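See the structures that follow.
Each of the two complexes below includes subunit A, the first together with subunit B, the second together with subunit C.
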Partner chain A sequence: MIEEQLLATGPADLPVPAQRPGLLRRALRQTRGRIGLGVLLAVVALSVAGPWIAPHSPYDFVAMPFQPPDAVTWLGADNMGRDVLSRILNGGWILMTMALSATALAMLAGTVLGLVAGYAGGRTDAVIMRLLDVVLAVPERVLVLMFVSVIGANQVILTLATGLVFIPSIARTARAATMDIVRNEYVEYAEAIGMSRWQLLRDEILPNVTTPLMVEAGFRLTWSIGLITGISFIGFGTQPPTPEWGLMINESRDGLLFQPWAVVAPILCIAAFVIGVNLLADAIARAAGRTE
Partner chain B sequence: MTAVVDVQGLCVRLSATGEEVVSDVTFSIGRGEILGVVGESGSGKTSIGMTLLGYLRKGAEVSAGEIRVDGTDMRRAPEAELRRMRGAVVSYIPQDPAAALSPRLTIGTQLAETLSAHGRKGRDAAARIAAMMRALDLPDDRAFLRKYPHQLSGGQKQRICIGMAFLLNPAVVMLDEPTTGLDVLTQDSVLRTVRRLCADHQVAALYVTHDLPVVAGVAHRVMVMKSGHIVEQGPVAEVFARPQHAYTRELIAAAPDISCRHHFGRAVPAPATATSPAGPPAAPVLRVVGLDAHYDRRQVLHGVALDLAPGECLALVGQSGSGKSTLSRTIIGLHNASAGAIVLDGETLANLARDRTPAQRKRLQYVFQSPFTALNPRRSVAEAIAAPIRTFGETPDRTRIAELLDMVSLSQRVASLYPSDLSGGERQRVAIARAMATDPDVLLCDEITSALDVSVQAAIVRLLKSLQEERQVSMIFVTHNLALVRSLADRVAVMQGGRIVETGPTDRVLDNPEADYTRLLVEITPSMQPAA
Partner chain C sequence: MGSGPAIATPSRLQPVRRAAGWLIRRVAGSLLALAAVTIMVFLAFKAMPEDPAQIILGEMARPEAIADLREKLGLDRPLVTQYLEWVGGMLRGDLGRSWAGAALPVGELVGPALVNSLVLVALGSLFAIPLAVLLGVLTALWRNSLFDHLADYTLLGMSSIPEFAKGIFLVLLLSIGLFNLLPAAAMIPPGELPLWYPAQIALPVLVLVLSALPYLTRLVRSSMIDALNSEYVQMARLKGVSEARILFRHALPNTAAPVIQGAALSTALMLGGSVVIENLFRYPGVGALMTDAMTSRDLPLVQAVIVSFAACYMVINLIADVLILYANPQYRSAR
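Right, the complex of A and B next:
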């Protein structure tokens, strides 16, 4: 009799493994997630295919400065008479590469620091977090400006500086999530069998903190776009004649009244990119909050 | 005796799927009577209790039947009427008092709220609260009422919840596993309070639990539930002595009882192990000498000494805070000892697991209390079992994992599943397979069945016994459940306040306890056998 009992609760009727839909899939079940992904894909597609489909070279002077839109220059010309549409199409991937690299850099460093701080605790934790607090104490924009003005105003420095200023917030997220996980008995078990610390962080902890980190990554990507275009706008990032969206706004702002497209077009592109990423990140955050 | 609660043909179903979780349940409770409802997780016992309050969790609905509480038809009563009745006519005592009390309000405020919600305020209310505190054996001075829940012990918190439930002299009280999280001493005092209050105030009580001995001690009648159906109902003594239904017999067979050894369905009595008092004592495989341990400045272990013979099962018992978990964690190397030594087969072990040799770590394995946090949710069962093998530098092959799954009676299909796909009992089996993967000499089990249903607990205990017999694993089994000890352990060590107060063969310690503390523990452990 008890045998039947055992079987009923034991191996006989195992539940069919419920394939839980992944985080991204759950995010895409929401309208905001789908719109976000749609907008993002459109901007990315335009930026990737841009250089091939651009009607003109982004550097050639094809019209009069501030030429309004016509048959040759669909969005008109900028302050130097270059085709706005071609510059938009060529400029996207530069911004995207910078924003993605900065975010990836910050994620990598922030995650490692946060995991180590959260797992080790004690003095290691204190040293890491206080150092990061120093970075956090200075406003992001001011810190990035400091780097690019002291070391050099170019794309690489701007990307590195942007990555650096985002490390503390990512590290904080990773640390908080890690401290929750460390209390679990499976981490204690791994310690009791003497699993190496590196292996423990990689196999036992990291897979369990990816959800909050993915959410964080989405928001950091949004912020880095704003930061990079902002710094480029005031002339400390990408240098002319590179067709970068933030820089383009600055270059053509004198003609805002008689050739608004030279300014409005890059603004719309940046806005679409930011809104797309943000909606998607928000959907991921909601999906994560709902089930885990 | 007039029935205060009268339930006829009650059915509850989930609105989404139409699945019936309670089917055709009929019962009644008279004034001053306590009805125990027993059954395993998911048997619908809590849902039945909640319908008495005119409440069901989201997604469930009463689809048929009649519920009368003190003459009121709970299905048809308007919401305002239900609100008036809850607390005043029918009240509720929750499972987890820590979650039921608001951490930001003093207990005095929370008790007064119960009264003011029903229009009683001022001097009369204060006098009532003071009287209730005296009835609960709690201090009735203002200083105590100004305390916050976190300043009280678990038993005190549960008594406050009981007080809130009885404050308005209700006709019916519904208790939802109110002693599950409490240790045996606290459980005993809480149960006595409940029994006394029900008798004094002539309250009808519905006591929901999965613990059969508790029902035997507290209830007048018992109702056994299985998947939403009543399988048997009757006076407690009658049902436990002569169970009519097969399922009741199974439950009783699965429930360990302190008064006799259960073999959990085994026909053959467990063979006496090498450590029977008669045999020459074998050299201990594990020896703990004068162990001290601290949490910050507070000393939690005071010179603990233990011997564990090869193939022996030693039960470590004591109430919460007695230091039994700290002791097992110190042995495995997760907690730092401040004095003393742990000797494994003649080798003195380093304090922390990391500083021990791989061979030593391999021989000493640990199974944790909670099946829900002991396994990494992102690792499949096969990966979980392979982890210790890999850590000790071997390559886990399929046959080894299949063999381990087989050892804990899990099907091979489990290998590719994740912990979230498994039940609590299955997860605990995986945790045992993982511990057995290194072929240990000593297995430490920390309250590993406390989160499981009785039949699952019985199956796990059977598994441990077979591992002990077939593989000669020595075991330290930490528990606060003396009933389980009788059926599982060869020897018992009783802990109190960080010291071992008594050790000896199981039957001797439980039948003729020497220490006062052991005697107290044995006396208050509820039993299904009529008091001898």
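Right, the complex of A and C next:
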């Protein structure tokens, strides 16, 4: 009998479920993982150091509107004559903070909801998942725009709304992983020796759902950057004169023909940021064995 | 394979009946979710700090005029009454009147815009799905070849550039920068079907296709690899069936269910993506309508657009479920 074996050998000899430590290390063993981390670190370094190394203030008018690149403005000027390079260097951390906060918020709420739903089952599970289905019934961007139109267009609302629309998919991932683990015998054992539910969730189940959640976090971070810059681009996120990359693209759009750098440079920065996160997320997913 | 009938089948009609029952439950569930969306939208806009009457009349309005309008709009009645009137109106096809400009009926604004957006999304899927199947099958067949790796990195890069940025690059490449082939803004006369203006919609459709391609291609590739590694394909090989026949008769049909599901998801994502893309190309669809309505604080219009987005989502997913059911009888009881 399983119970007898468990009691005889004690918890120390229990078969340890695949904890998969070193997930990140295995991801970084792949070329794409290393490239991703390298690109990501470069963008982060540039964004963090940016405000100090920028040649001009991001708000000062230093040239003619849509001035092409010259010795003073290396990437030219934007629609109002502000230095494009300085605005890019000052704007990176804004986008990064927004994307990271939105993802972290969604991961926190989604994981808790998913763990509780998957572990409790029954009516609790049904209520939580049906409520989250309502969020999934509307396109993400449309839902974000709804919050913006009710509360107002600013970067805090955009960050919170982005986090909110990501909760259902994370909760689903956490729930599915939890349900797999709850059926395992070591959970039955822990219940049998009288561990409290909260302890069980925190000490036994959470460590075992981190792999799928890490994979999910990578993809959500990728998505959040596209979502945030897209909403800012159509004017309902960060507001002028903030040098946020998505908004900068929108502001200088009319000068695309004479001063393409004011548009192309922020696009390339967003792309580098996403490519870094995307490659790393892909490597993590492969290390976790999600794709072949 | 090897999943014979678990229980004896007493009647030949049973699978059909089960499928019908499943479909009815599925439709009922979707309608409930849609009803929940209307409640969420209604409550969200009720929680708004501003007074709708104030928005319509502007900052300078006299208090009596505002009180008058509040009564006319029914804002002083209980919430439940207001909600039921709004939903009842929608069910009768009356979406209320716009708050902006000539106070047109909302339905007259949303209807044509919705048709335009659906044309855009349908064209996007029409091109993206066959292309993804072709690319996915080829990369699965030539796994780990140079072509496979090249496609993998290209698609990864493509999925890394946000939709609006892809759109701007295409504008720079095809309409104003290098070439002068396509218009940068979609000028479609109001009341006309965009289908008859291929040059105007080429760029928005292209952006949608390029955005859906990475996800769909990877999906087709991995389901194809699963199918090619399966026992029934190995069995067919052992029997000496030709590779072409294995591909078209055995492997490809078995990728249908996941691919249909993925295609539905990507079509739904395109619908969401149209919000940004329509703004970029000034395309007269619901996404552009929604942001215009947000700018002019035209809330009945915003609400109607959100609900119609949810309704389209529901229909797309239902169609996908029915197609999956049709493609694979095993799915009848799988859900």
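By definition in this document, the second predicted complex is superposed on the first by the 268 of 292 C-alpha atoms of A that agree within 3 Å, B and C clash if a C-alpha of one lies under 4 Å from a C-alpha of the other, contacts with A are read in each partner's own complex, and residues count from 1 in each chain.
We adopt the following convention: a contact is a pair of C-beta atoms (placed from the backbone, for glycine too) under 8 Å apart; a residue touches a chain by one contact, two chains touch by 3 or more.
Worth saying up front: this structure is predicted, and the values here are computed from it rather than measured.
Visitor: Answer with first, second, both or neither: which of subunit B and subunit C does A:Asn208 touch in the superposed model?
Guide: The answer is first: A:Asn208 touches subunit B but not subunit C.
Visitor: After the superposition on A, what does A:Ala71 contact: first (subunit B), second (subunit C), both or neither?
Guide: neither
Visitor: Which of the two partners, first being subunit B and second being subunit C, lies in contact with A:Met195: first, second, both, or neither?
Guide: It touches subunit B, and subunit C stays clear.
Visitor: Which partner does A:Glu185 reach: the first (subunit B), the second (subunit C), both, or neither?
Guide: After superposition on chain A, A:Glu185 lies in contact with subunit B alone.
Visitor: With both structures placed on chain A, which of the two partners, subunit B or subunit C, ends up touching more residues of subunit A?
Guide: Ranking subunit B and subunit C by residues of subunit A touched puts C first.
Visitor: Determine, under the contact definition given at the top, whether A:Gly230 touches first (subunit B), second (subunit C), both, or neither.
Guide: After superposing on A, A:Gly230 lies in contact with subunit C but is clear of subunit B.
Visitor: Go through the superposed model and pick first if A:Val142 touches only subunit B, second if only subunit C, both, or neither.
Guide: The second partner, subunit C, only.
Visitor: Both subunit B and subunit C touch subunit A; at which residues?
Guide: none
Visitor: If you look only at subunit B, which of its residues touch subunit A in the complex?
Guide: The contact residues of subunit B facing subunit A are 246, 249-250, 253-254, 264-265, 332-334, 353-354, 356, 358, 361-362, 365-366, 368-370, 373-379, 384, 387-388, 391-392, 409-411, 413-414, 416-418, 420-423, 425-426, 429, 434, 438, 453, 455-456, 458-459, 462.
Visitor: Please give the residue numbers of subunit A that touch subunit C in the complex, ascending.
Guide: Within the complex, subunit A touches subunit C at residues 32, 130, 133-134, 137-143, 145-151, 222, 225-226, 229-231, 233-236, 246, 249, 253, 256-257, 260, 263-264, 267, 270-271, 274-275, 278-279, 282, 291-292.
Visitor: Touching subunit B in the complex: which residues of subunit A?
Guide: Per the stated touch rule, the residues are 1-3, 5-6, 9-12, 14-15, 17-18, 20, 184-186, 188-196, 199, 203-204, 207-208.
Visitor: Which residues of subunit C touch subunit A once you look at their complex with the stated criterion?
Guide: Those residues of subunit C that touch subunit A are 33-34, 36-37, 40-41, 44-45, 47-49, 156-157, 159-165, 168-169, 171-172, 176-177, 218, 222, 225, 268-269, 271-273, 275-276, 279-280, 290-291, 294-295, 299, 302, 305-306, 309-310, 313-314.
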